[in-house]
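Chain nomenclature is as follows: A, B and C, assigned in order of appearance, with residue numbering initiated at 1 for each chain independently.
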Amino acid sequence: MNALKKLFGGDTRQFGMIFALVALIVLFQWLTGGITLTPGNVINLFNGNSYILILAIGMVLVIIAGHIDLSVGSVAAFVGMVVAIAMRDWGIPWYLGILLGLGLGALIGAWQGMWTAYVGIPAFIVTLAGMLIFRGAQQFVGQSNSIPVPRSFQYIGAGYLPEVGPSTGYNNLTLLIGLAAVVYVVFSEVRRRRAAKALGAEVAETWVVVLKLVLICAAILYATYLFATGRPGTSFPIPGLILAVMVLIYGFISSKTVVGRHIYAVGGNRHAAELSGVKSKKINFLVMMNMSIIAGLAGMIFVARSTSAGPSDGTGWELDAIAAVFIGGAAVTGGVGTVIGSIVGGLVMAVLNNGLQLLSVGADWQSMIKGLVLLVAVAIDVYNKSQGRASIIGLMMKNFSRPSGGPGTPLQPDEVTSTKETISREA
Amino acid sequence: MFGKAGKAAAIAAIAALALTACGRSDTGTTGSSSGGEAFPKDSAIGVALPKKTSENWVLAEKLFNDGLTSAGFKPTVQFANNGVAEQQNQISAMISKGAKVIIVGALDGSQLGTQLQQAKDAGATIIAYDRLLLNTANVDYYVAYDNFKVGVLQGQALLDGMKAKKPSGPYNIELLAGSPDDANAKVFFDGAMSVLKPKIDDGTLKVLSGQTSFEKAVTQDWKAENAQRRMDTLLTGSYGTAPLDGVLSPNDTLARAVITSVKAAGKPLPVITGQDSEELSVKSILAGEQYSTINKDTRKLVEHAIVMVKDLQAGKKPEINDDKSYNNTVKTVPAFLLPPVIVTKDNVKTAYVDDPVLGPLTK
Amino acid sequence: MTVPTTQTDPVILEMRSITKEFPGVKALSEVSLRVKAGEIHAICGENGAGKSTLMKVLSGVYPYGSYDGDIVYQNEIQQFRDIRASEHAGIAIIHQELALIPELSIMENIFLGNEPTKRGVIDWAEARLRSTELLARVGLRENPDTAIKEIGVGKQQLVEIAKALNKSVKILILDEPTAALNESDSQHLLDLILGLKGRGITSIIISHKLNEIEQIADSITIIRDGKSIETLDVKADGVDEDRIIKGMVGRTLESRFPDHTPKIGEVFFEVKNWNVAHPQIQDRMVCKNSSFFVRRGEIVGFAGLMGAGRTELARSVFGRSYGHFVSGQVYKNGKELTLRSVHQAIDAGLGYVTEDRKSLGLNLLDDIKTTTVSANLEKISKRSVVDTDKEFAVAEHYRKSLRTKAPSVQEGVAKLSGGNQQKVVLAKWMFTDPELLILDEPTRGIDVGAKFEIYGIIQELANQGKGVIVISSELPELLGLSDRIYTIFEGTITGVLDKEEASQEALMKLMTSTRKAA
């Protein structure tokens, strides 16, 4: 127990959501007789949920900034439909189709961002209007029909990495990605530790860090193994790859860039942010616009996976994305939330969905169970906050998103004697 | 010291992979299994059904479960109440469970291509149930009632019913179609229009709203509320004074929505068609409100789908009776079509004699 | 359960050995408090000493069971489950942040949650009658139908008291009741509390304004670092301000202001003929033809009553962050500047520390380090990417140099006391390296010890050659700190006094008349 505490920085609860996810996976693995963790199923899990997870990335930024976007499903469907029609009727190649889709998403986002940021209409209203407008527009341009998309385009929603190099019995590219992830995790931890030491902060004991790294790396390698050993022709799926890239990009933006800081600032206290020189209107505009671009991307991935764009695409997606974000520890009032947290939240929902489907549980029960899980996850978070304890999810995610001296190593101020960085100006 | 830890992790990584030297398991039994290879009697069978919006689907769920279980199979029957994405994931899950045959009642027949390809790659046979699967080579059989025939019967019933009430035209009618994402909706509509269109052209039938195209007549998601709303608007818009003689309704749920709307408007009930033999509509026919329905006995359809599964299990080629009508843009799907039966007040007592639920109603 | 009292004095309330712990922090440790019936009992202590926590324990905000120790009230041990329970027993608390609903009327607020009903329907006639009576008792002459948002903070405070009186209160707890009030409103409130004492209502007051406490309190309990230090009887012990301070900080402060010899340079910042209209009401001017200048190394005071337009003037200069700009010029080093946004103002070397720390100054979700760098992220960023190591170093530097009391720079600012929060805000602006720093009520809600430190920081900034503007309602503070003081009345600058000629009387005269001084 003591060891566990050391491992997770004195508070095992911090990792509650990841534990929940792991527990859920183990539970279903047992209940389904080992089907959950088969290559095919894990690939399905990513293929079937990547577009929701991608939406959650945009949604968490919107929610951190203190807004909400109800239009993502309609926007995704509209973009998907327009791209499908453009490729069919104008014969444009798939890559131009994707560019067109992203551009259209940006345009729609600019429209919604303008109303939200510069006219000052609450995002709830603007995007409720958007939900109706773009649903209608989608059915209008598609004439309520399904429009098939070409095979080359389907790659982004249902494609796999090619087989290259020697025949190893694995998908080689998947192996490379997995190893790269391991190397990245190890090196970033080393770098973080060095920085913490340089700043004079206390660092965790070596064995703690090593054990932690071993656990994380083992998880990555196991996942790599699963993905690399699927049916020949399969690998880590392309939508999963797009998702991973998006997580890296947006995780970085939200925690490490000036824009990211400004999003948190605006959501946490807009007036204080404005008086600190943050251009809150610009931030709101960017956040809303970004959401629609991401919605467009999600819509295209779904259409690619479905092999055609249909009139009821995207219905209810906004709710799935919002649920993922809140399970992932974001606050309704804004200012709180992380990209990784939302992905974990989305994965909890996805694993739950998948497991219940494998168990042949009906859609009615699934819906009830998912609703309860959402409620319980957020309730535990709220309860912990009200008890003066730090939010499980918030704290845990903080370790991921805003690294500072290494997770689980509270800095002891008295031991900080000198700083490497000297500030020229004296107070 | 950390370099050491990093190296250790890298070594562990390589070792882990090296130990599991076998690599991928070769699960890909080769492609086509449309007849030929038998499979074990206790295999998993997947049944993916659309939204639980009518009694027939609820009944089908029970029949599939009972029928397949009693034949020794392990069935998974699921509804996609939350949309196409859910149905995609359900089919994926069925593949994961190793289903040998997947029966698909598609929510949108053209949006399952990726999953059907997966199923094919995993060696499953796919039977399209009630609704055809479009734009894919990966559908082996189609089992359904003859939907064009359904439309024809509905159109004819509408004409007959109006003629019985009022011997000569012109008649004022309105048209309702099903949900645009259901491939059958257009087939029903086209079938009915093959009878009605000539009469509209020669002036016997008048559609006062002018909404005669499929796109204008659609009812999104087959929802009664959508049909009722449209009917309300049509009644106030075009039938303030003019009488409404008939309504083409593609199924019973929508037919009853029309009846509700007309009653609320205080107008005399027109001749209204239907389909599916839902309990409430059969009662309505007995009460003289709804004019007709179609008996497409779900029992027979499910029964036949199960027969197909049994044939496949035994390595036999399932029986088909149509190999040229159903082209899904990629291939012509071999089909087994069951004949629909029109039911009006005249034959309602005989039509459901064998039906355990509806039979007693008509006595 | 009846508990025998140990003394013959009519003690109405006794809190015995109250201990309250938060995870990792012991907020109160064995604190005891004895309040006699009918007295005005003051609780003094530095911020973070535990005064508010103690009152939250008493009023049931922290329910029975979440603390150790006993509350004996009217000879019975109480187990308050929530605020309603304590209110029901006759203990009402009026918080620093008023609990009134701005959109509702005075009357509706008074009876909120306690509406007089007749067969389940609110009896507004009865409510009106009673609220008129209550308003008369607290000396507030306003129509009961006036919306709360339309009356000032001073009057809102009175409405809160009326609301408490309506619940037939026996003990009234006031947490910093005069913090946001001007001189005359404060006096009115203090008179009212004395009046309530005459009617047998016991009051417990938490305040940093020691002169007020000296004026009205009968006894004083001093709390330091979560422990009760002593209880003083004001009349018997001959208590004065210095005595209270000694108890609060554990030592005597020789001077309330650090020694400082100003090194004043040339004029570098000047505002001329500044005119600004109210943000909603276009024809109402909040700044009228105001002109002022600041020299390098100079601390310039701005004196004025609440609502005189001090904050409005400062914020409108600071990148037009308040009101509608009408006309006027800003010069720095002789060159005219156009500051259309806060961003431009910061770039031009201006900084503004708000009077309203919690709603305008801080993102309470942030930690110390994020806050410290938030107004100058560019400085620790390369190509828009924040260097978190630098961030940590910068925050740590300021934490040490300003002596901010916090376990680490990763501590959330919401957990800090007012004085330490203010230090973090100061650090944030110092990191922008401003040439002119405007401090709006820099010591509001801050205890004596921290005030002294903040004065020191302000003087240090001036010593570095920066211009500092201090806006304050406390005249002694302005007199002690400033090299020169402008007075403002109704949006107009009515005069300017040098340190030597300034006195409370002279300032007061200029703060309350439109007559322009020479």
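Quick note on the criterion: contacts are C-beta pairs under 8 Å (C-beta built on N, C-alpha and C of every residue); 3 or more make two chains touch, one makes a residue touch a chain.
What you see is a predicted model; the values in this text were computed from it and never measured.
Ranking A-B and A-C by contacting C-beta pairs places A-B first. Of all chains displayed, A has the C-alpha centre closest to the centre of the whole protein C-alpha set.
Once the centre of each chain is set as its mean CA position, chain B and chain C turn out to be 70 Å apart.
Computed from the mean C-alpha positions, the centre of chain A lies at a distance of 36 Å from the centre of chain B.
Inter-chain spacing, taken between the CA centroids of chain A and chain C, is 42 Å. Shared contact sites, meaning residues of chain A that touch two or more other chains, are absent. Residues 1-3, 5-6, 8-10, 12-13, 16-17, 20-28, 52, 76-86, 88-90, 92-93, 95-97, 107-114, 117-118, 121-122, 134-136, 180-181, 215, 218, 220-221, 329 of chain B touch chain A in their complex. Taken in their complex, chain A has these residues touching chain C: 195, 198-199, 201, 256-262, 264-265, 268-269, 271-279, 335-336, 388-389, 402-405, 410-413, 416, 419-421, 423, 425-427. Note for the complex: chain C touches chain A at residues 22-23, 318-319, 321, 341-343, 345-346, 352, 354, 359-366, 369-370, 374-375, 377-378, 381, 384-386, 388-394, 396-399, 401-402, 406-410, 427-428, 430, 433, 457, 460-461, 464. Within the complex, the chain A residues that touch chain B are 32, 35, 38-41, 44, 47-49, 143-146, 148, 154, 157-158, 168-171, 175, 179, 182-183, 186-187, 190, 193-194, 206, 209-210, 213-214, 217-218, 221, 224-225, 228-233, 302, 305-308, 310-313, 315-317, 353-354, 357-358, 360, 362-364, 367.
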